[in-house]
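The following pair of complexes shares a single chain, chain A, combined with chain B in the former and chain C in the latter.
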Partner chain A sequence: MKCIIPGNNVRVFGKAIHCLSKIGEDLYIEPLENGLALRTVNTSRSAYACFMFAPTFFYHYDDGKCQNDTQQQEKENEDDGKFKCKITMKSCLSVFKSLPTIEKTVEKCKIKLNFTDARLVFTLLCKHGITKTYNLTFQETESLQAVFAKDLCPNKIVAQSKLLCDAVGNFQTSQEEVTLIVSPEKVCLKNYVDDEPDPNKVMHTEMSLLPEEFDDYTIGLDTEVTFCLKELRAILTFADACYQHVSIFFETIGKPIVFALDGESVFEASFVLATLAEPGSTQNTTQVQPAPTARRTVSKTESQKKTTVASKKTPAHESRSCDGWNDRHNGFNNTSNQPDRPSAFSERNSPRQNLKMAGDAGPSRMPDIVARIPDGREDDDCSNASSESFTFQGKIGIQTSGNKPECFNVQIGEGDTSTVDIHIPSGDEDEFDFIPSTPPTKKFKSMFFGSSQSQTNSSQNETMVKPTTVLAEDTDEDDSD
Partner chain B sequence: MSLSTQQGDEDGQYVLIAKLDNARNMSNILKAIHFKEMATVFATANGIKVTVEDSKCIQANSFLQAGIFQEFILREESATFKIDITVLLECLNIFGSSTLPGATTALKMCYGGYGSPLILWLEEGGVLTDCTIKTLEPDEVLDFNFSSTNVINKIIMKSECLKEAFSELDMTSEVLEILMSPDKPYLRLSTFGNAGSTHADYPKDSDMVESFQCTQTQTNRYKLSLLKPSVKALTLSNKISIRTDCRGFLSLQYMIRNDDGQICFVEYYCSPDEELDENDDR
Partner chain C sequence: MRFRGRLVDVACIQHFTRVVSTISKLAKNYVLRITPDKLYFILNDSVTSGGISIWCEMIQANFFDEYNMDGVSAEFNEIYLDIIGENIMRALKSAQSAKSVKVKLTKKHTPCLTFDVQLPSLSVSSRNVVHDVPVNVIARRLWEDYQEPPMPEFDISIYMPPLRLLRNVIDRMKNLSSYVILSGNGNGEMNLSVETDMVSVTTHFRDLSNPTWNKDGELEESQYEISQDGQSQNFVSARIDIKKFSNFLIGQQMNPSKVICNIVHNKVIHFFLIQDDLSLQYFIPVISL
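On to the complex of A and B.
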């Protein structure tokens, strides 16, 4: 892999690194054909960021596919033709530490992979002939991929970064979460007060904006979503520095919210944040579970093990796996301020009523399944166990008893005979959802996927459970959703 | 008239009297070597030299020539004492460190000889402060025996390009490796930290380099923690001279221009990190 970044783009690159460093601790680098991907995910897996730099961003971009070096070719053949690695944010930040200095002095930045010494080499060519070389250690890893379909979201807001920065600036720096409440008439940003015994003793901040302030305001579903403010601040800092419009795609409670930046076609950035699965204080709900522990650790397992069906963001999939969505989405892509709102949505107060089955979708290809699996560290309180999720392809067969699905039999891989039996306790539960990212309890939902291939590499932080492991049955009977 | 004779009588008891119109000229130079509490002060007819040492491996000297003082009187051949430099700096900055033009602090410094305290009179805007700081028995200062004749490599360059390199040095590295050579890469500063190795190369034909005299390729390692304080001197300076001698000892000399345009020098001497598995003596 080898690429050279021209001087004025080094600033953008450095800012992107700083933005990513505020979200996750490891930077996943993957040179793809259509550009260099820099990704990260936070420790609780509730935020994902991806920067994609197109080849036009660079003076010279070589993703390492056609190499004459035989050693390198062998290596690449092992890895299925692509080099993927992760480096710690700290080491990457040491290269781009002082952005003003970089802006002033750096003329070019070269990123090269040194196979023989196993180092990722960043070379900054500066003014006055000065050269700075950073040989960083890296870890080979699997691809980090988020599965999300922003084009299918009914709500879309496009705003100037300055507007959002100003809006977010009204909140205290210590504020952790913020709620975004949308309706066709106005948008409201409120600070989220968490589990406060006396909400009147806490300062509440609320600000409203009219649709006219936005470049595009399309609301298909009145909703309120709560997500982490810290990550949003990092996103807006980057967007503001690069004068970007920010496009926000979201649906409803529990579904991820996507912030997208488009840098004049030389780069694009996507940030996917998990949203709180429990409605905020303004909504009356009977679905609130008393969460035994803090919500922030996303990978906590839910009380029931569920498989959810998610689609990879490819055109072929989008139409298939979210069948129920498509017709509702007609008329959603207008840019008028008066969104169409089919009445079908007014019934959808709860995200749990949709049941999407992978098997129903056109079977021309194995659908992708995202599974959440505990990593074995079960405490007495089941919800304390953390879980890992990954994506694999498979078919789902369902055994039902009465009206409720009881057991899922998932066949992994084409031709592969290994199966996973996932038992769903037939509690009083009246909903089963297979909608991505909707946990039943008041928890942030992990939507991540560590690996898009079989996990042979254990260089990941969390240990991955092999697909043949049977998921443990949930033992928490108190949960009554 | 009577005031001046009175002054004269009082001043008669002092071995050293030095007057400065702008105390900042002295305090800035002292800040550049302030990495330890105690300093040794040498006063000679040429001026005042203040020395700070650490671990018997690094020594910093700041020179205040007699010429920068408005008045400099030394009644003996030399005067030496040890003093708490932290306290001295706090007294010199007693009127605060505002940089308003015209608001300078005037200083009169007196020393009565062996055993007597160092007395400072500071005046700003009509307000007068006097400070008396106890002096201590001076310690032997190291003689690094760094003579110009033994210098193998010498580079003089502008400080700006090194400033950010030094301040961004990877502190997880134990050593700073300095390579000076008549061939490429000419001058290279390297660190070896947790994230990997970092190299900063400065070519000899760069417009930042004023003089480049390297006869031999030398690579020496110095403890980064010892050299880090030299960044203070680097930020104040305009030019830096880097010299290594045949033993690998490093001499960094900084040329600092003060508010009044006068030139002062600060120098750092550092001994190299020896490899433990070396059998023969150097």
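On to the complex of A and C.
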């Protein structure tokens, strides 16, 4: 793999790295035929970002296919011999640390894989013949892929980045989540106020905008979605610097919201943010007994509260697919048979499949996401023992598929009482039918279809429990049999 | 109890913001007193939490285009609200480019001071931002805690040099010690000094003037006569927390036309900022050795 970025594009590339660095801690690099993909996911896996730089973005672009012969032998297990890797965000950020300087001095940036030394080499060719070379270590990895289908979302808003920046600027920097409320007549942006500290002591801010201000405004479903502001700020910082229009796709509560940027066909960026499964009429609260304290600490370090993770990432795809998954086991293996959703990456079905099978295949077959993403493994754990569920940063997405197709997002809140909010996404509401006494079979739904799924089926059911409030005790064990 | 005001002019909004910002930098929460003619920002810290007092008053007509209020009762036609400065600042931050700002007392989930900000937009209609700042309404019986502090019987009253100049000096001194001794005399001289085991630094200011006050504690305009007493050469000093002084110098954005410093020897320093019909009084207690 080798690519050379011309000087005027290095700035954009650097900004993209900065933007990604505000979201995740690892940078997943994947050279593809149709461009270089940079991706990341945040530690709680409630946000996913992907930049795709088209070959036209570069002076020279070589996705490394020709090298495949040698690599293929070394990686027999890989579906294709293509090189994929991840590097730590920190190391990459050090290359593009000072954007103003880069803008002024760098004439070319070369990214090359040094296969013999196993280094990813960033070379900045600067003015006056100065060359800066960064040899970064990398880890080979499976592709990071969130499955989402933005084109299926009933709601689409296109706005100038400035408008969104202005809107977001009204909220204080410490504000973690905002709620976007849309109707055909107006858009409302509200700060999301958690139960604690006392909502009566917190300032409430609400901004309303009229649809005329947007470049495109299509609302098929009145709804409100709550998502993290931190990632949105990162997106807007990038968008604003590059004068981008931002397209927002979303469905409803608990389903992911997608922000897309289209850089005049030389690059495109998609960001998938989890939305909160709001406690409300569609939700029920249960308690998972073992987790509370530990989980709380973890999620605090995570600065993000109860954003449901997994469900969010893949919802559109999954919630629909679960219809066909009456038999959960079949469900896994049948993934490929499902009608392919037009997702942003729909043509690339394989990674998704791989990930889905991860649980079945076991570590030998699918070591990557499971083993290398810390959370991935934890998903695994939490499916086996719910006592581990706190490692999931208070966020668990569970989707059920049973005779009655029902979907739940199980979300573990951060409150004093550890609550699991079961949310039935309204997207499938017509089919929704909840029979308290017969908990349906469940499938743990992770954004990446990680490992957990197969084992989850049995053990996660327990967390699911019933729609009624179950106080604390061992819901898991009791229900599991 | 009702309150509703409307700021229209950008200059008014910004002026109002500057005042609130100045106060908010001095105190985390404070009391907003609303009367038919004036608005007051009041802080009356207990001795344990630093003993600072602030009294700021402004004439509402200079800021508000519309202003309506009904107090607790006809007899006590006033409202006292306990507010958190940071919240108000945030609300006003989004009002910086506003077309108009409505401020009203509302009952939402809790008593709130609602800032309804109309912002210019890309289309004809305006954007609308509403901030609900939770407030505590202070009961009538507690009002007496928030009365104007009496003018101290100061030993020396002196006009301060430009605050920006002082700020530079204090910023340097802050690195040396946590206390500063401010002293002045009736001869237009003022000293700022810090003392440590290693060093003692004093900055002298000369040719300042001493205001004259009449018997009612009112400032008299004939400022340039030097105080009467023969003791005018003697310095009166007060040792105060340098951080509080520095906060005051850094935070103040009011561009006052006059800044008077009244020193009560070894007791308290009273800063008096006057700008047109806006005044701010700030009391810093002495910390003795």
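Note that the second predicted complex is superposed on the first by the 265 of 481 C-alpha atoms of A that agree within 3 Å, B and C clash if a C-alpha of one lies under 4 Å from a C-alpha of the other, contacts with A are read in each partner's own complex, and residues count from 1 in each chain.
Here is the rule we use: a residue touches a chain if its C-beta (ideal position, glycine included) is under 8 Å from a C-beta of that chain, and two chains touch if they have at least 3 such contacts.
What you are looking at is a predicted structure, and each value in this text was computed from that prediction instead of being measured.
Q: Do chain B and chain C fit side by side on chain A after the overlay, or clash?
A: Chain B/chain C on chain A - fit side by side.
Q: For A:172 in the superposed arrangement: first (chain B), second (chain C), both or neither?
A: second
Q: Once the structures are superposed on A, label A:213 by its partner contacts, choosing first (chain B), second (chain C), both or neither.
A: second
Q: Looking at A:163 after the superposition, I want to know if it touches chain B, chain C, both of them or none. Which is it: first, second, both, neither?
A: A:163 contacts chain C only, not chain B.
Q: Which partner does A:205 reach: the first (chain B), the second (chain C), both, or neither?
A: A:205 contacts chain C only, not chain B.
Q: With the two complexes overlaid on chain A, what is the closest approach of chain B to chain C, counting only CA atoms, in Å?
A: 5
Q: Spell out the part of chain A that touches chain C in their complex, as residue ranges.
A: Against chain C, chain A makes touches at 160, 163, 166-167, 169-170, 172, 199-210, 212-213.
Q: What part of chain A is in contact with chain B in the complex they form?
A: 87-88, 90-91, 94, 97-98, 101, 105, 119, 128-137
Q: Looking at the complex, which residues from chain B come into contact with chain A?
A: Chain B reaches chain A through residues 161, 164-165, 168, 170, 185, 193-203, 205-208.
Q: So in the complex, which bits of chain C are touching chain A?
A: Touching chain A: residues 87, 90-91, 93-94, 108-110, 112, 119, 121-125, 127-134 of chain C.
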